[in-house]
Amino acid sequence: MIKVRGFKNSAVSEKVPFWLDPKKRAILFQIMTFCMVGLLAYYLTSNTLLNLKKQNIATGFSFLHKESSFEIGESLIPYSAANTYARALLVGALNTIKVAFIGIVITIILGTIIGVARLSTNWIVSKLAAIYIEVMQDLPVLLQLFFWYAIFYETLPPPREAISPTAGLFMSNRGVAFAVPEGHPAHLYMFLAFAAGCGIVYLMRRWARKRQEKTGQIFPVFFVSIGILVGFPLLTWLVFGAPLEMNVPKLGGFNFEGGLTVSPEFIALLLGLVLYTAAFVAEVVRAGIQSVSKGQREAAMAIGLRPAPVLNLVILPQALRVIVPPLTSQMLNLTKNSSLAVAIGYPDFVSVANTTINQTGQSIEGVAIIMAVYLFFSLSTSVFMNRYNKRVALVER
Amino acid sequence: MEQAVQVKELRPPITHIGVIGWVKTNLFNGVFNSILTVATLFFLWKVVPPLLRWAVIDSAWHTTGEACRQAAGACWSVISMNYRFILFGFYPYEQQWRPLLAMLILFGLLFYSRDRSHWKKPLAYAWIIGLFTMGLLMTGGIFGLSSVESTQWGGLPLTLLLAVFGLTAAYPLGVILALGRRSRMPGVKILCILYIELIRGVPLISLLFMSSIIFPLFLPEGVTFNKILRAQAAIILFTAAYIAEVVRGGLQGMARGQYEAAESMGLNYYLTMRLVILPQALKIVIPPTVSILISAFKDTSLVVIIALFDLLKTTQSVLSNPEWMGFSREAYVFIAILYFLGCFSMSNYSRKLEKELSRGD
Amino acid sequence: MNIEKKANEGQMIEFIDVHKWFGEFHVLQGINLSVDKQERIVICGPSGSGKSTLIRCINRLEEHQRGRIVVDGIELTNNIKNIEKIRAEVGMVFQHFNLFPHLTIVQNLSLGPIWVRKVPKKEAEETAMYYLDKVHIAEQARKYPGQLSGGQQQRVAIARSLCMNPKVMLFDEPTSALDPEMIKEVLDVMIELAREGMTMIVVTHEMGFARSVAHRVLFMDFGKIVEGNRPEEFFKNPQHERTRLFLSQILH
């Protein structure tokens, strides 16, 4: 057997100086980077501690247990100035969730409608949608918020002369008051009927699918589901004698009493966020639908599928894969933009945190809390997004 | 076998071409579309004439606030009587030709840069000189120009400054972050990922708060940071993270073959990036970069919250004047038009650029 | 070919003085064509001649503006019911396969039978496996289109159309998007199909296929059928200058 003397031996016998060895250089570079960052951090921290001491500002999070001594304009849970800062922040967070949740739902619906309209074969509708998308995207969201807030303040009349487009709806510069159904035992049963309807619809869909697999017959699941979800509560309502009493807002003193009132701040924030974000969602939806190649639709039609199954079985599954990731990032943008509420006085999380910072002077802890909360939302959304993408990824070689 | 009869020159059926054909296919094809067309036209007929009446016919163009309140329509006087303040903020009245000139230089440079055939070294120098000149014009203090403190800068020049300078400074930082994120050195990679994810996860407002309230704490006593500089720093740090993600996309999109070819030529990391990878990657991501510029332009409006006198805040100051109170609609519509013109021209340009780039010239 | 012709019962497909315009562009200029049951026709011609448009009119992927088209006795009009009936009888294979990427191969094939012919799932899948076997690709049944090569995808596309039990198969340049080494496997499947007596209209440049399988070869140019003949006659004695020119360009 011939022993081959070769490269292996020669590489070992040469000693490479550490500043030319790429691996060691990498380690050196990282050590230097860390040192620089560390030094910078040390410098900044020591300055900060010194300055805080000079200005007599406390550190730490103990302020959270102190009394807040400020009121909050609107709140989902009971709150007063005697509560702690922690509770105040909770109120702010709930307000943010409230506007974000409602905003997201409306934005998705509106954005989808506009996106589909943009693709319509009707020239007027498609052009109007295009104009909306272009204009709304090109105006700063803060400007839009101020605009809607100003409309409320300057254009709408005081409650005495409130505009009432229909009975039970009053628009004034103190907000929008509308009638709500008066509490009635029927409501509980209607809700139960609806829940039961949901259960039945779920079971029915499973049954219909099994039936189709077995016999091939197609059951009109969609229409029957709608019938059940609407019909059950409706029937319950009728059974209870069709109670129609409404809690109508009535002018009492300076403002409306009764019914449900929504503040101008909330409506302005909601309007501004929804109209702005819907333009971006419309583009996402449009791009998603257009991403499905024309040939897919043609192949589905060539087999003889009708328009509804073509949409449900072929187009939508492919379009949704393209739509969902940027859609969630738009939803996240809406949530982040809701922080602008501080500019128009809606008590969202940033607003409350800002007041807290102003009162306690503990800006570092305050800003850190704000960032932590939003980071939590962003990162958890990222995680879900990654999982979703992995699950629906088209399998390729 | 062939056609025995010559086919006469036939015209397509009249309902398919010309004006009638267009109307039929685009407005009235099918029952649903026809109803939609009629409904939309009705809606427009109800909304547009009253709007025009308010905006143009009944409006007051150049009067005092009192006279404006008498007018039934829009009060455009709130703009025409106050435009100097809205556009230039607290900048000294007689010296306002300087920010005006600076803006004209900026617009000139932008306009000239639109044509890609102009993108050569001289243009880069022109930009550097141009930006420097703009800074000089604004600050003054030499060449016989009176000195104007940056605390007096405001209005449109401030908005443009924050956006343009923000993007210019954020760009190299973003590229470095993107390279760092793709680095094989775990230490560097982690630092970059932390930075990018942290900044992208929080709203800009929190960074602006941080910069205006917390940055002063970072500095030793006596050293102050100009308020504009603090806001500018926040905008730069914010934009850099988004640029980093966009550039990372471009780097990922580059074929491995490019890296390998450069490596086999013996180029080191720095040269590979500078000569081979970055020129291509950055070119691919120009359209999303322009869209970041558009966002930066819109986001400058947020400085109103930390009381910097950009275009939005100067407008609001005018509105808080008792004489002009209550005309927010008109004032906001005016600056909406300004923002729209800016953003629209940029997004139009980006679309045009995307078309050009995908055609491969 | 006669110009004035009544729709004949024995014909599979009938084009009677069919015209189509794209805006002002006259893409089909008076097409008269009649295809018998079990007849196999190859249509060739330069790009832009209207050959794809012609076959796409058969299953209403394109609408004609003048003249009449009759498929298996059913006239093609704006009547949706007729269109759907015709589409169930006519299978189409596209140049770019157009398989549904989010469904497995078996799901691609059983989609039509389940949702159009309302066949139970088990039966649909059995039919699918039968045709997959026929095109020699049964082992890929559970895979996704993205995992197959071009030739394999096109064979699956052919099987997908066959699952609907069509009376006519239309092929729109089925091998134009394939790498050379995969063209043969697709053509072999088409030849087997021909041997079983399927009525076929094929738009293609594969003249070898035309020679071995077609009953008639038609040459189209500028929206007209210039000439058509049995393959031997067509290739040996083209009657028109344009036909001669075209043949000289593709048979080199």
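For reference, chains read A, B and C in written order, and residue numbers begin at 1 within each chain.
Operating definition for what follows: a residue touches a chain if its C-beta (ideal position, glycine included) is under 8 Å from a C-beta of that chain, and two chains touch if they have at least 3 such contacts.
Values in this document were obtained by computation on a predicted structure and should not be read as measured data.
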item	value
Chain contact graph, described as a line, ring, star, complete graph or other shape	complete
Pair joined by the larger number of C-beta contacts - A-C, A-B	A-B
Subunit B and subunit C, separation of their C-alpha mean positions in angstrom	52
Between subunit A and subunit C, centroid-to-centroid distance (C-alpha), Å	49
Gap in Å, rounded to a whole number, between the CA centres of subunit B and subunit A	24
Residues of subunit C that touch subunit A when the two form their complex	59, 61, 84, 87-88, 90-92, 94, 96, 98-102, 111-112, 114-124, 143-144, 146-148, 157, 160-161, 164
List of subunit B residues in touch with subunit C within their complex	1-5, 7, 10, 12-13, 16-17
Subunit B contact footprint on subunit A (complex, rising order)	26, 29-30, 33-34, 37, 44, 47-48, 50-52, 54, 120-125, 128, 134-135, 137-143, 146-147, 150-151, 153-155, 336-337, 339-340, 342-343, 350, 354, 357, 363-364, 367, 370-371, 374-375, 377-379, 382
Contacting residues of subunit B [partner subunit A, same complex]	25-27, 29, 33, 36-37, 40-41, 184-188, 191, 197-198, 200-206, 209-210, 213-214, 216-221, 294, 298-299, 301-302, 304-305, 312, 316, 326-329, 332, 335-336, 339-340, 343-344, 347
Subunit C-facing residues of subunit A, complex	212-218, 293, 295-296, 298-306, 309, 313-314, 317-318, 321, 394-397
